[in-house]
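The two complexes that follow have chain A in common; it is paired with chain B in the first and with chain C in the second.
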Partner chain A sequence: MKRITKALQRPLYAVAALAMLIGIAATAVVPGLVSAGELTDRSIKMSTAVPGATATYNISFTADSGATSIRSVVVDFCDASPLYEDVCGHTNGLNASSATLSAQSGTSGWTITPAAQQLIISGASQNSGATISFTVAGITNPSPHTQFYARIASYASQAPATDGYVSATNVGTNIDFGGIALTTTQYTVDITARVQEKLQFCVSKLNPGTNCGASGQAVTDPELTLGTGSPTKVIDEQQVYDDNAFIQVSTNAQSGVVIRMKNSNACGGLDRGNNLCEIPAAGSGASTAGGFTISGAGFGLYCTPGSANLTAEAPYDGGTTNYGMDTETGVTPDSVTSTYGSPILSSAGAINNESAELVYGARASLTTPAGIYTASMDLIATGTF
Partner chain B sequence: MIFNAGASELHNRFAKISASQAGATARYNIGFDIATADMLGSISLLFCGNSPLQGEACIAPNGFDASSATLLAEAGETGFSIDPSSTTNHIVLTRTAVNANPGPARYTLSDIVNPGDIGGFYLRIQTFATQDATGPSTDFGGVALVIPNDNVSVSTYVPPYLLFCLGVTIDGTDCETVSGNYVNFGELSTRSSRTTTTQMVVATNAGDGYVITVNGTTMLSGTNAIPALVSNDVSRPGTSQFGMNLRSNNDPDVGQNPVGAGTGAVKPSYNVPDRYRFVSGEQVAGATHSDAYRKYTTSYIVNIAKGQAPGIYVSTLSYICTATF
Partner chain C sequence: MLLTKILPKRLIGVLTLGLLVAIAPVAIATAACTANAQSCGTDYQVTEAFFGAGGQLGVPGDGCSDHYCAKSSVGELGAGKSCSPGDQKCIQAGFNTNREAYIEFIINPPSDVDVGVLESDETHVGTASFSIKTYLAQGYQITTNSLPPKITNHTFDTPTPGAAASTVGTEQFGMNLVENSCPGTAPTVGSGSCTGTLGADPVCDPVDFCNYPANVSIPANYGTADNYYYPSGGAPDTLVTSTSSTGFAKFTLSYIFNISNVTPAGKYTMAHDLVATSTF
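What follows is the complex of A and B.
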């Protein structure tokens, strides 16, 4: 090592002398600059990098020069270089002429003087050792996509021109200086995901487990026999005899689902195959809310939703004593004999594994002819997406 | 068919069907809100068994057939017809392209055969500026439909029944209140008629109604008889008579007319007030169809002449009600 040092002594002196000369020459070449400190921790955070978009820039820095007070800051936007020694070309599309100072930290009461490619922010004295940030809104990003630069210089005077500022390449006597590289982005990341429309619906004698019996209780055949006795169940005029089934529905239809019911018998009641409807619809087929007590021969339904997410529709909303079977034609809601059926249950929005109990009841009268009475109830679910 | 990534979504879209059974022929009411004010020349209705998503391959629902579909009604944007290019699972509604107004549109199609399998299937709706559903779509949306596992079948049995009760008295028409099966005329007189009553209630769901017959003998005491009135006659004190009717009478004051919700009637021979008769085996009342509760009151009169042999005179009457179903 000693040998190497001795061998380099003369060349080291020569190098040192040359460096001094260069330093003096550089100072002489660059006009109007008094030796300044460096702005540290400097950054400009853009609210959007989309070319041509209107953005908010958060300009933040820590001044370096000790106790010197700052009263103004100049931000010059340039196309090709952050160095004040270099030409500051026009950044295409960038426009800060409508910028506003929406927030400031480390200063108080400063104001902004915007120009197309420059911001001058000034105010009362502020110690330069503080961390300062300005939030500037309303700056139009460059367009098309490009890399561009900001040159930030701080000054002791409120008017930088007082301290010799002329332009981005003739910055005068500033306190601190720093350059920042910025860029727009050529592309944004577009993310797309599709949730497909869903409607699941089933009918069961026993209340099915989740997802229509995929787990828990399986769906069972919804075959109902009304009446009492064994081996043959019969109905009479003494009371209403009932039996139940369940529906379960799930959908992501945002406007909800409607479940409608159609009766295979044109009259809406129970029939023994002669189309005379000798056990007619409950309540004479009216659609009155609350349903009807079946006091003579009649057939009807009431619905009991499993939760408030489903609503029983009139006249099937009679609770546990009143029944309905809407057969009114030409009025809203539709009847059980209409093309699309009578609404019996509905939801306001998407629902998951919601169930409802359907209780069908029938009663004979003294004069109801003997026979086997039947009906097939078609249940149709419609989601509005 | 091109999926236009810039297309808008059709809101409030639905497909309401008139029958949910697998394989049934149904009517489809399809609705949606048109989102974009643009030229509209065709609407694509593509039914798929696998997915509602535009751009994915479409597998036709098994058994689904819209090849015989008819456009029954339209509302909102109108003037459409079914394009000949439509297939079993793809209906193209076509018209001369005109500017569409954003808002509800509704189309009713008949004679569409539901899928043959239970479970979900889908409808993909797209609108086009072209008349044949080619090129980029303007708006789109998917709908989920479902064929449920089963209908609810309801059955019950109403048995044939005939309700008939008889007694001295019956409260209202309640056969639970029947009281007594023995009436006593007391000591017979030549100067005044002796009377009594019995009651019977009947109801039936027999489609052809019922008849009630009276069976028995006149008043007998050994070989001595009080003659029955074999033809209708008034009550004649001092003349040996036995007769009855089912009416309210003034001479003597006995009996009441039939009451109850039913419409059964007294037979003519026993239906004349103050006229009495008794012929065993004759029908006294009946109905020609099913009938609710009907209570009949039978009035009996007995008169004797001076020469009527002394003794205890008795008669046993049975009433038979026969329903025809």
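What follows is the complex of A and C.
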């Protein structure tokens, strides 16, 4: 029995030693998973995920509850792991050397010491258990796109080196520690939409509905007949006889639109085919603001904008009694007989479905020869984009 | 009885000690834990517990040659993922799990959204998508951090004060993260067109553990079908909030564009900057 006992002793001791080795090996193979305290609710919110962009990082955490006050934190950026026992490799493109501390909460008066891939933020004592955040501006995101990590350690001293901090893998005697994973994005969603220059203009006898009659009242042919009587209307020396039409304009021209008018008659008035202009332009064709009372034979126009977004131009701004028909040559504004016509209405900027009433008036004199007097008025809208 | 005599008491003691040492790293840490820690004490915390004979992590210095790394385990007592129903609280068993905090955020290609030439009597639309996966996190947020589409002197109008239905003829840029009906004034062919439905509800893609919908919330501004929103002025705004880790969750952005007769002309562009932030 004694011999058997002795024979088994050495193997049994070996088994015991092996068991101890297994126990030690378990902790040796799974290294560095125990830390003094943990920063909870920790995150770093980036203002942009674009690789290489200049970003603001909001670093936030809750310090582990305990008796030790915090006076500094170190944030190390690493390429491949948030764990302090792992190698902290260089994160390509990331540069925090010009970072500034733009805001802080849970602390006050703390300052920042930035380096290319590290931030040290320190200040007066802050009790553990507090939720702390630092807004750090001026950090260049890693480039190209990558996942990367931050290791945050807190210390009792304002200078972490005093508490043994050496590097991201040799953090010394820290109070709390926590790792954070971050990522840029390889792509952004690139959105494109095109808006073309737009000018919508119509002339109508009846006031048209929205978008030149796309809904509501359709555009109608503005054939105007001035005068009184039936079946044939006539004008005489008794009064000014008028008839109206409407324009409507929409445009995204940011500098506005001008509507010009040209008279097919070279004299600018009404003509019976002999080019003698026996019913001349109102006010002798002057461009005076406020227009003219037609007291003898004359022909003219006044405009009434539908809103303040359109402005009647001189001499067509005479309200409901005065008329104009600019025939002055060689002066600004252009006349109704010039190449581009006389401005009658304008806007300062883009307008939407703005309308104006055009009132044409004519009067004969006792000596006006009988006949059919006509004029064709060409209206042109020009946007400045 | 023979065995008892053969094994001296001191040997039994040594064997017992060896076994205790083997299980000690976990047994010591038994006190109440802080959030997201698997085990901890007043002075210690353990982020992973291991029962088994060991293995290699497959990182430089542990399981790597000059050119290759292998992550291996010996004698794993458990492996794979187990989740509780409903709230999807899960544990990852086995040595071959990532032991680091992790986040992956992908803007899924194709990521270009060109809605063509806009008209004041049409609504043009477009879609894009992103996916997120995060591990060992208490949750995550996804935020939008860009101005609306703009040209030099003009930024697209956006609905205020909150999400609104698409209104043709009124300048409007908005988006949401759910499935919608096609706007009735959207063209059916060409750039910016829409047929069937617009966008999609969030999904787990590929089908795997992800925490939608149990632990994911989308604000009403972005989570109401046929209503669209975008913050004016480029102020950061939260699109998605989650309260747990997740396998890949995929979200689809639906964009709408309306213009008025006075919307300035130009080529409007927007590099939509989306940021994912995990809390650990």
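Criterion: the second predicted complex is superposed on the first by the 349 of 385 C-alpha atoms of A that agree within 3 Å, B and C clash if a C-alpha of one lies under 4 Å from a C-alpha of the other, contacts with A are read in each partner's own complex, and residues count from 1 in each chain.
The criterion applied here is as follows: a contact is a pair of C-beta atoms (placed from the backbone, for glycine too) under 8 Å apart; a residue touches a chain by one contact, two chains touch by 3 or more.
The shown structure was predicted, so the numbers you read here are calculated from the model rather than taken from an experiment.
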Point to revise | Touching partner for A:I180 - first (chain B), second (chain C), both, neither | key: second
**Study point:** Which superposed partner A:T251 touches (first chain B, second chain C, both, neither)
**Key:** both
Exercise for review: Go through the superposed model and pick first if A:L206 touches only chain B, second if only chain C, both, or neither.
Suggested key: neither
Check your understanding: Is A:Y149 touching the first partner chain B, the second partner chain C, both, or neither of them?
Key -> second
Practice item. Quick one: classify A:D378 as touching chain B (first), chain C (second), both or neither. Key: first
Practice item. With the two complexes superposed on chain A, say which partner A:A286 touches: chain B (first), chain C (second), both, or neither. Key: neither
Practice item. Examine A:K262 and indicate which partner it touches, taking first as chain B and second as chain C; both and neither are also allowed. Key: first
Study note, to complete from the structure: Max touched-residue count on chain A (chain B vs chain C) belongs to chain C
Practice item. Check whether A:A370 is in contact with chain B, with chain C, with both or with neither, and answer first, second, both or neither. Key: first
Review point. Taking the superposition as given, does A:A116 touch the first partner, chain B, the second, chain C, both, or neither?
Key: neither
Exercise for review: Pick out the shared contact residues on chain A: the ones touching chain B in one complex and chain C in the other.
Suggested key: 194, 196-198, 200, 251, 385
Point to revise | In the complex with chain A, residue positions of chain B that touch it | key: 12-21, 27, 29, 51-53, 120, 122, 141-146, 148-161, 163, 203-207, 289-293, 325
Study note, to complete from the structure: In the complex, chain A touches chain B at residues 194, 196-204, 212, 219, 221-227, 232-236, 241, 243, 245, 251, 253, 255, 260, 262, 270, 279, 299, 339-341, 358, 360, 362, 364-385
Exercise for review: Please name which positions on chain A make contact with chain C in the complex.
Suggested key: 1, 4-5, 8-9, 12-13, 15-27, 29-30, 33-38, 40-50, 64, 80-83, 86-87, 147, 149, 178-183, 185-198, 200, 211, 214, 250-252, 254, 350-353, 385
Practice item. Could you please specify the touching residues of chain C with respect to chain A in the complex? Key: 5-8, 11, 14-15, 17-25, 29, 34-37, 40, 43-48, 50, 52-56, 59-62, 99-107, 109, 111-118, 120-121, 124, 126, 128, 134, 137-138, 141, 143, 145, 149, 153, 192, 236, 253, 255, 257, 259-280
